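Next come two complexes built around chain A: one with chain B, the other with chain C.
Up next is the complex of A and B:
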């Protein structure tokens, strides 16, 4: 039996694995992808201080630290189920083998929501994250000229990365409005969500913002006076008053049909135009990938500020189930640095719960470090993420009080100290 | 192509029109909508269309904030029957 199993080799999983191994535990990390690093691998952007954050290098650092600490990493191994027995042993089922442990960390990150626009099932349409992985990880151009549908922090960052790779992005525009695209098709709501991030975003977004978002007059006038042809961000037209209403092509993407929209996102008839493209990215945003926590039986809360349903957990990264922990984007959508800090905390908590003494202070510092990392983050995926964190903490406290009332333990070792 | 003809669940070939019409007619929860249309019940287990089926659902969700609307069930990734039964090496 392995002391600790971590599912997910992203920033949270690798950090947790390294810390737990450095404390003397034997640790196995399982990931379905072919390379360690998770979605961190695709990241490439300029920090506010002018230095570059290169996800491939950051992933290598995390991987090397874990490997040096003696962590075993098993790649290309999807987990299809997890189960616990009464004696507190977790079984982790993969296609070829079943692994067992007493301490299981789920660090599966996030998934991308699709954007339903007619034609979205044509070959050549991909999620914006897929275009990022093709370009930055595999170094393959997704095409020569693309259109990105969905304007948010993630798609703006990836548009810039595509541009750096020499791929033309013809437009960053809204999806046509229907009952599934909802707020992502509403120019006012999209503009507001961008306003919230522009003041703390890294330099390219600040430059984007300085063109119009941070201008007080433009803020007041809002989308009504947003230029019909968009504003340019790194020479890419950002179009809040145009929406893609169809992706066309015989056997693959040949282009999109774009139309002007009112400030509520309603299509103005007669304004349709065809724009040629050989690939299309759909960007519906990220949500916590919580399927394993769901089959394990964790209670969930729908918290929009965290990006969707998140499993109930405390600041030490314990869930309500004995021996089950969560860290990273499964607990809410944030950047890689926050995920790594959560991983460190989870690794320390697991070490303490495994009987290693003298970690109480270190765990407290690790929890503090998550908050500091969040405060210093240059991008927030949701402007109210701190509120989301408070909600889940309140829910945890409610849960703990309810258990106290029945005389049960809060979690196995949460109060054990060390 | 119109919104109504657009495919939402590729595995089971369920269109946007079918989902919206069914949701309106029966005032469905996400689970009922899934069971009536088979959206999200195909090979991939709803890994792509889940958020869209959730959004199409109109009915009152019971304790929507504490429970995932569409259940997850193992196996969470496609696996052959042979492997699942432990017969195939």
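Up next is the complex of A and C:
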């Protein structure tokens, strides 16, 4: 039996694995992707101090540290299911083998929400993250000229990465309004959310928008006065007053139909125009990828500030189930540095729970370090992420009080029979 | 046409790699060792990986990281393999899964 199993070799999983192994545990990391690093691999942006955050180099550092500590990393191995047995042991099922452990960390990261736009199943339409991976990890152009549907921090960052790689981005614009796209199709909400992201927001937008930020009426004016042809960010038109209402093409993408929209996002009839493109990216935002925690039986809460449903967990990264931990974007959507800090905390908690003494102080510092990293983050997916963290912590405390009330120490002890 | 990004202002030059030969729908292509099947095909200008089982409409990658299964192909006889997660290998045979045969026989002469 392995002391610790980690599902996911992203910044959270690799950091946890390295720390646990450095404390003397034997650790197995399982990941379905071809390379270690998770979604960190594709990241590439300029830090406020002018240095570059290069995901490939950062992934290599994390991988080397884990490997040097003696961590075993099994790639190209999807985990299909996990299950706890009566004696407090977790079984991890993959197609070929089943692994068992007493301490299981789920660090499966995030997934991108789709935005259904007519024509979105045509070859050449992909999620914005797909274009990022194609460009920065595989070093293959997703196409020559693209349109990005959905204006948010991630799509703005990736638009710049495409440009850097010599791929033309014809436009960043909104999706047409329908029941599925409400928020992301409303120019006011989009402008508002962009203005809240500290250094990452495309600066011309900030310069333009902040003049109108004072109150709601002014914000609406900001959108109303938003230039019809958009403002340019790294030479890419950002079009808050245009929406893509259709993607067209015979067998593959040939272009999009774009129309002007009102400041509420309603399409203005008669303004439709065709824009040619050989690929289209859809940016619907990220949500925590938590299926495995769900099948394990973790309680979940919908917390919009964290990007969706998250499994209940505490600051030490323990879930309510004995021997089951979570870290990284499965606990809420944030940048890779926060994910890594959460992984470090999880690794230390696992070491302590495995009977290694003298870690209390170190765990406290690690928790502090997550908060500091969050405060200094140059990329923030949700402006209210701290509020989201408070909500989950309150839920945990409620849960702990409820248990005290019933006199049982930990539900998971009872459920796991341990 | 899409192509490889050989020079990148931040990531630098593309590291030297060995090229492997594989086939897709009975045509031979070259791919860089370490490429996913999806990336190797796109570098050759190919986006369409399969045809939808019912409608027959063409499909390519969507998420590129294993979540959506839009990129499933048959590799060395094994169906349902995700092209975005599987590295190309020398001599690999990749095939599009196609429209499934209709369960109701269509008697029109052009289908004979």
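FYI, the second predicted complex is superposed on the first by the 386 of 418 C-alpha atoms of A that agree within 3 Å, B and C clash if a C-alpha of one lies under 4 Å from a C-alpha of the other, contacts with A are read in each partner's own complex, and residues count from 1 in each chain.
To be clear about the criterion, contacts are C-beta pairs under 8 Å (C-beta built on N, C-alpha and C of every residue); 3 or more make two chains touch, one makes a residue touch a chain.
Model, not experiment: these values are computed from the prediction.
Visitor: Mind checking chain B and chain C on superposed chain A, clash or fit?
Guide: In the superposition, chain B and chain C stay clear of each other.
Visitor: Pick one for A:119: touches chain B only (first), chain C only (second), both, or neither.
Guide: After superposing on A, A:119 lies in contact with chain B but is clear of chain C.
Visitor: Classify the contacts of A:32 with the two partner chains as first (chain B alone), second (chain C alone), both, or neither.
Guide: A:32: touches chain B and chain C.
Visitor: With both complexes overlaid on chain A, does A:246 touch chain B (first), chain C (second), both or neither?
Guide: A:246 contacts chain B only, not chain C.
Visitor: Touching A:176, do we find chain B (first), chain C (second), both, or neither?
Guide: First partner only.
Visitor: Considering only touches as defined above, state whether A:78 meets chain B (first), chain C (second), both or neither.
Guide: It touches chain B and chain C both.
Visitor: Touching A:294, do we find chain B (first), chain C (second), both, or neither?
Guide: Only chain B is touched by A:294; chain C is not.
Visitor: Could you look at A:95 and tell me whether it touches chain B, chain C, both or neither (first, second, both, neither)?
Guide: A:95 sits against chain B, while chain C stays out of touch.
Visitor: Looking at the overlay, what does A:142 touch: chain B (first), chain C (second), both, or neither?
Guide: second
Visitor: With the two complexes superposed on chain A, say which partner A:133 touches: chain B (first), chain C (second), both, or neither.
Guide: After superposing on A, A:133 lies in contact with chain C but is clear of chain B.
Visitor: If you've got the overlay open, could you tell me the nearest Cα approach between chain B and chain C in whole angstrom?
Guide: 5
Visitor: For chain A, give the residues common to its interface with chain B and its interface with chain C.
Guide: 32, 78, 111, 114, 121
Visitor: Taking the complex as given, what residues does chain B use to touch chain A?
Guide: Listed in rising order, the residues of chain B that touch chain A are 1-3, 5-8, 10, 16, 20, 47-49, 51-52, 55-56, 64-68, 71-77, 79, 83.
Visitor: Considering the complex alone, what residue numbers of chain A touch chain B?
Guide: My answer: residues 32, 78-81, 93, 95-96, 111, 113-114, 116-121, 176, 178-180, 182, 246, 284, 287, 290-292, 294-295, 299-302, 309.
Visitor: Which positions of chain A touch chain C when the two form their complex?
Guide: Of all residues in chain A, those touching chain C are 32-34, 39, 44, 52, 54, 56, 76, 78, 111-112, 114, 121-127, 129-131, 133-136, 138-144, 164-166, 251-252, 278, 289.
Visitor: Which positions of chain C touch chain A when the two form their complex?
Guide: Touching chain A: residues 1-6, 8-11, 14, 34-36, 39, 42-43, 47-49, 52, 57-67, 70, 84-87 of chain C.
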